[in-house]
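Think of it as A, B, C, D and E in the order they're written, each chain with its own count starting at 1.
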Amino acid sequence: MLLEVKEIHVHYSKVAALKGVSIEVPSGGIVTIIGANGAGKSTMLRALSGLAPVSAGEIWFDGERIDGRPPEKIVARGIAQAPEGRRIFPDLTVEENLRTGAFLRSDKPEIEHDLDSVFGHFPRLKERRTQWAKTLSGGEQQMVAIGRALMSKPRLLLLDEPSMGLAPVLFQEIAAIVIEIVKGGVPVILVEQNAELALGLAKYAYVLETGRVSLEGAAEDLRENEHVRKAYLGG
Amino acid sequence: MPNRKTNLSSWALGTALVAGLIVLPHLLSFSQREIAVLLIINVLLVASYRLMTLTGEWSLGHVVIMGVGAYASALFSKSLGVPVPLSMLLGAGTAAGLAAILSFPLFRMKGFYFLIGSFAAGEVIRLIWKYFTNPFGGAKGLKLIPSFPDINLGFADISFFEPENYYYLCLVVVGLSLFILYRIEASRIGLTFHAIHWQDKLAEAVSVDTFRYRTLAFVLASFFAGLSGTLYAHYIGTVNPTRFDVEEMVYVLIWAIVGGTATFCGPILGVVVLTIINEIILRALGLDTVRPMIYGGILIASVLFLPDGLESLGPKLKRLFAGKRPSGQLEETT
Amino acid sequence: MYRKKLDHKISRRKFLATTTTTGAVLAVGASGFSNITHAADKTVKIGFLAPLTGPVSAWGKPGLDGCQIWAEHVNAAGGVKVGDDNYKIEFVAYDNEYDPGKARTGAAKLIKEDDVKFIMMLGGDTWPGVQPLAEKEGMLVSTLLPSDLTPDTKTLIAPCEVHPIYNVTGVEWLAENQPDAKRVVICAQDDALGTPSVATYLAAFEAAGMELVEEPLFFDPATTDFAPVMTKLLASKPDVLCLDTCYADYVHPLCEQAFQQDFKGTIISCTADFYPKIIDKTSKEFMEGFIFQFPDFDDPALNDERVNFANPNEFYAEYAQRYGAAEWSAVSWEYASIMDIWSDAAAAAGSVEPADVLKAMKASGLVKHAFGDAGWWGEELFGIDNAVVGNWPVVVIEDGKAVIKEYRSIPDWWAKHKDLMIKHFTALGQMWNQRA
Amino acid sequence: MTQPILEVRDLSRHFGGLVAVDKLNFSVQLGTIHGLIGPNGAGKTTTFNVISGFYAPTSGQVIYKGDDVSGMKTSALADIGLIRTFQGTTLFKEFTVIDNVRVGCHHMAKASFFSRITGLDRHIESAATAKAEETLEFFALSEFKDELAANLPHGHQRALGMAVALAADPQIILLDEPFTGMNPEETRHMMKLAHDVRDHGVTVMLVEHDMQAIMGLCERITVMNFGALLTEGTPDEVRSNPAVIEAYLGSAGDAA
Amino acid sequence: MGRVLAKVIATMSELLLQTMINAVYAASYMSLIAVGLVLIFGVMGVINFAHGELYMAGAYTVVGLYSFMALPFFAAVVAGMVFVGILGLLMEYALFRPLRDNPLGGLIASIGFLLILQTAAVLGFGVRMAHIKPPTQAKFHLMEGVVLTEQRLYVIMAAVGLLSALYVFLRKTKIGWAMRACAQDKEAAALQGISLNQISRIAMFIGAALAGVAGALTAPLVSPTPYMGHSVIVTAFIIIIVGGIGQLEGAVIAAILYAFVHTFVTTFYNGVLADIVGLVLMLLVLILKPTGLFGAKERA
């Protein structure tokens, strides 16, 4: 397994957001985490990236324990995240936004190459490379967020609610790119509220409910699951 | 329920506190009584500041507002011959009235901008004091401000020039004010202030006029800040623009933050503890030149090691004595 | 008077000079003069209530340092003889942070707990806080700022520096020695020290027949860049640049700016602290002829018979050695010189009690002021005769060195031109009955 | 047809050069559940914010119960019974559940300053508390009364948001994206609550971008696109309108 | 008649030009201080009340090294810059990092640090002003009656040079992007592998060093005192508010604006009015455009 999360707990002041969650991610394909708002999905990704303090449990990535490490060390190990709400840097240009993703890298020619390949994925960003990121539309901002994460040359990509606020057409476009990325050899953890979409893309899925994994299994199995259908797929 | 028990113990604590405050001057040296008078005036100042902060707005003009009360009361009594107790009320009222006017430009701003805006407004008021020698006395300010009139009880003459007597006067005025401030906070008004602090949009949506309530908090806080200013003016007998400058304001901020702002008592605790340290302990050690350095070190240590203020010390100590672990970990949260 | 009693045995100055030198030797071994026991059997405490920390501390701290030297000298010489007793002097300091409330607390402590017999203050903002208490306790208090005086301040004296009245002497000297210098500009910081000083200079210029070619320029005390101020001042091409009573922090940059903006005329100022440093920043030629009012205390001319301050040269040397020459300022000797006047009066009164000392001070009519014998004065400006005026030195920089040119009489000027002074004081709202 | 409770006439709102709402017209009938939908960026939220007084309209009018209320402050609108909710879980999270609803009772618990600090407002306050408790009962939140709002499960927080609004005595309640971030189960619960509120005599208007969620709930639906009115009608009419499908799915064919 | 008029005009234009030069100088040192303050606020989110004392520390470094130890002036200036930068690192490490989630705590801690620095200066150098013999007295007569001294030119050149370098650094280097990214969204920056600690250190070093170099270079012009920080900090606050909090370019432009307004009002009216005008300018900006003249639009 590329990533193994063992029984982690996360607390925000006194409120427990994760109560002993374990997941595993193989070195290829898409693993999705679905669940309602407030179930702890984003917290899970924040914990993986070192943004949320893990109070108990362990996170192992490629044979190394990474919980308790600062975010920059985790990025350096190869875990990149496109966070919820996109969180692009509004007063940086598109290109500068993308280049911040390569902050830890010093292989200049490679960076230029990767930048070209991001522009290859998102030709629209290439047209707007010198524009302030705050002037972009929601979909374009999502592209910047994903492109920026790719610029770190990740070995694992975390996507938090990429569909949020996007019209279905736009999301289809993004989904196609995610599939491309996975085909390119980077495994993805996809966190989604839109269970329909997520289960369509993923191989394996976890259902998170109030800070615990309530169900897990192959995505197609979960799609058929009674509980999941009722709770997340609109009957 | 532990309610009755806590009620009883808080009654006992309260009685002990009041008794302590009453006998306090007799335990102090003469100059310490002087310090006690100034301290109790500052207690009112910082408690009124807390009321202001309930709505979430931090002002840098509060000390200037205190000065407005002081100047107004001084001028009412000195130039217009208004009897001092009345002029004190008028002075506090003037501070409140000015706050009501200032709220129109100032509450266009929020948060950090309000902080800075209140600073600018305060500086403008101070410049007005400086440049209008008549009636404000210019840079030298006002002096020979009439003092609180002596009371003749027949058998005894109470002179409020004596720090001990003025202490009791302040104790009554400040005690009453604190009671009112406390009642405000505990009432629905306080609830509404808090509501505005945490979610002003939501409060608006359920018919809370946030501008009016912010103004109310500002006006009330200013009234009591002004009152503390009048207590100061008629005791010290002089006011000047420098006395109310931003450096003094910084001290109020320090008291509030070092004390902690989560509870009514936090800022009061802050002013009491820091005043005792700075004015009594450090002076007694004879460390005149290095006193500011030590004070600075104490400030840093307190925000580093007591981020929730001195007020958080109480529960911490309680837990320590109860032998509990400082924070229950997993079992509490499952 | 006690000095006279000493005189027929050995002059006090000579006596102190010897003790200073032997003292300096002894001080290497002993921790200080105060440890040397002497015939004195009693101690009188004197309060020192001034800012010792904060931005105004430059007006307090160096004064306290000077007083310590003074006390050690006097105590080493046996103390002050009052009646049959010799009193040693002990200073008790309280840092009032230039805050009236803290000043009141400090005064209360000094009076009620330390039992001091006399309090020396800087005055200014802090005096009104002390006033009611001082009055009630009948405590004798001195100030360096005579603008604190009013008819109500019966126990407050301004016995050393009657700022800014002595500034007339410099102007008078200038008019006599440079009759062609007619066109004057003046600038001052906008505060309690600057404004009365401006009034004084205006009166003095008018008396000397000099013409002010620009309205007085007031700048904010927080000013750090004086280029604009100087540009404005020099715009009307004056002959004389008057710096009023600017603090050293202003005099230096002002002179520097005047130099850089090619001012060629004469500068007159109340003070020129550390003028060698100004010369460093400008040039010897530029500073030649600079007129001010505070002599160097290592100036041998201060050994003049008329000067009452004891051993100014040794005092300065001692001070510079202990605290560094850079800490020296006028207040370094001024508080000490007030102590001279106090001890004279205590000796004359045969008592250290404030009321007695004050009475003795006023009774003699003649005060041994630092720069010569002087008298009580002030009724017309301050409403009370509690200030001491007499001669004051006019100091001019010549070849890079401050030289006392003359001791001029303030009372003489006053007798001729007092109407002008009252006129300008009134115009700027500085008369005692105009102050709030 | 009766007089509509809320009417929007030629309403426009510009931000600098951007036209967020463009001459919009629609009306909400008393006692109905009315939906305002449209794809992202259609101007729904801006419309909502103008109606509820957060923004002043650039031009046009908002008519509430026959009166022009354009440009009135949110709190003043709330005073006359026009109450809005917020997206997500906007609550006084630091307060207990009951205190949240007590703040909601602000309108009914008016008392003088003097009686507040002297405690003479006790009868008003106990009435307000009683009402708050009743409201919690209605939303089945009574058992959490003394919990901190932040500690409630997400679904309950959303219900509490409605409770706070309902405590403010609305005649019309404006729900801002009430189903966003809810799983289908929670959505169903929320829909039931909306029905209950309407049955209580309160007109309900809601804004959603998810068309599916409100089809079953609303009697009438207004659809916006690019700041302007696209169409209005019953759910079935809206569902089958090709312009709506086009707006939601781009050029209809290639979406699937 | 005509000659008199010509002379009046000549005098007026001299005055105008000299005033401009004065204003350029004032704008230079003010923007050095204000930009440092803004940088620290932008990246770390704390209001550094001790910024004026960092300026003071820069000045006293020159007092110590140049006046007392007779090091070459520019060596002392560089040392002052580095030393104050290190003080900044110390503040970052000891105060602002542990108080990262507590901006008011950071403010109080910076006040504590201010008191410590002031007292240290008093203990080391006394309460009276220190003196520095200027390294140069050369001056340039730009025209009759219009003078620019070399010492002031240094300050202007340092401001232009250092601020341009800072601009290039922020725009063209990876660390510069990272710094701007941190100022805009700390968490998202962390997700790019940007270490907030490292960026904070750099920001604090640069911000403090700018204040330090301003103090060091102006030391011969202002005569340092332990309390000199007080008067600059209020001005610096006014400037960053007018410019828009967190806006580096805004701070520079506001410094220029403020310096010109203040200098011209001082010269053509008086210094007291200049202060009032400065405050009123700030109040107006706050009321009309609370985010500052160059601040971002308030987000709806």
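By our rule, contacts are C-beta pairs under 8 Å (C-beta built on N, C-alpha and C of every residue); 3 or more make two chains touch, one makes a residue touch a chain.
Small disclaimer: the values here were computed from a predicted structure and weren't measured.
Common neighbours of subunit A and subunit B (chains touching each): D, E.
Counting hops only between chains that touch, subunit B reaches subunit D in a minimum of 1.
Chains that count as touching both subunit C and subunit E, per the definition above, are B.
When the interfaces B-C and A-D are ranked by C-beta pairs in contact, the top one is B-C. Chain centres here are Cα averages; for subunit B and subunit E they lie 34 Å apart. Computed from the mean C-alpha positions, the centre of subunit A lies at a distance of 42 Å from the centre of subunit E. If you average the Cα atoms of subunit A and of subunit C, the two centres end up 75 Å apart. The distance from the centre of subunit D to the centre of subunit E, with each centre set as the mean of the Cα atoms, comes to 50 Å. Of all residues in subunit B, those touching 2 or more other chains are 289, 292, listed in ascending order. Shown for subunit E are the residues in touch with two or more other chains, namely 119, 122, 230, 234, 272, 275. Taken residue by residue, subunit D touches two or more other chains at no position, since every residue touches fewer. Of all the residues in subunit E, the ones that touch subunit C in their complex are 11, 15, 18-19, 21-23, 25-26, 29, 119, 122, 125-131, 133-134, 137, 139, 145, 147, 149, 152, 220-223, 225, 227-228, 230-232, 234, 262-264, 266-268, 270-272, 274-275. Those residues of subunit C that touch subunit E in the complex are listed here as 53-55, 57-58, 61-62, 190, 217-220, 222-225, 227-229, 231-232, 235, 248-249, 252-253, 256, 259-262, 273-274, 277, 280-283, 323-324, 326-327, 329. Partner subunit A is touched in their complex by these residues of subunit D: 39-41, 88-89, 150-151, 153-155, 157, 180-186, 212, 248-250, 255.
Partner subunit B is touched in their complex by these residues of subunit C: 52-54, 61, 93, 95, 98-101, 104-106, 108-109, 112-113, 124-125, 128-129, 131-133, 136, 147, 152, 190-192, 429, 435-436.
Across the complex, subunit E is touched by residues 58, 105, 108-109, 112-113, 116-117, 119-121, 123-124, 127, 131, 246-247, 250, 253-254, 257-258, 289-290, 292-293, 295-300, 302-304, 307 of subunit B.
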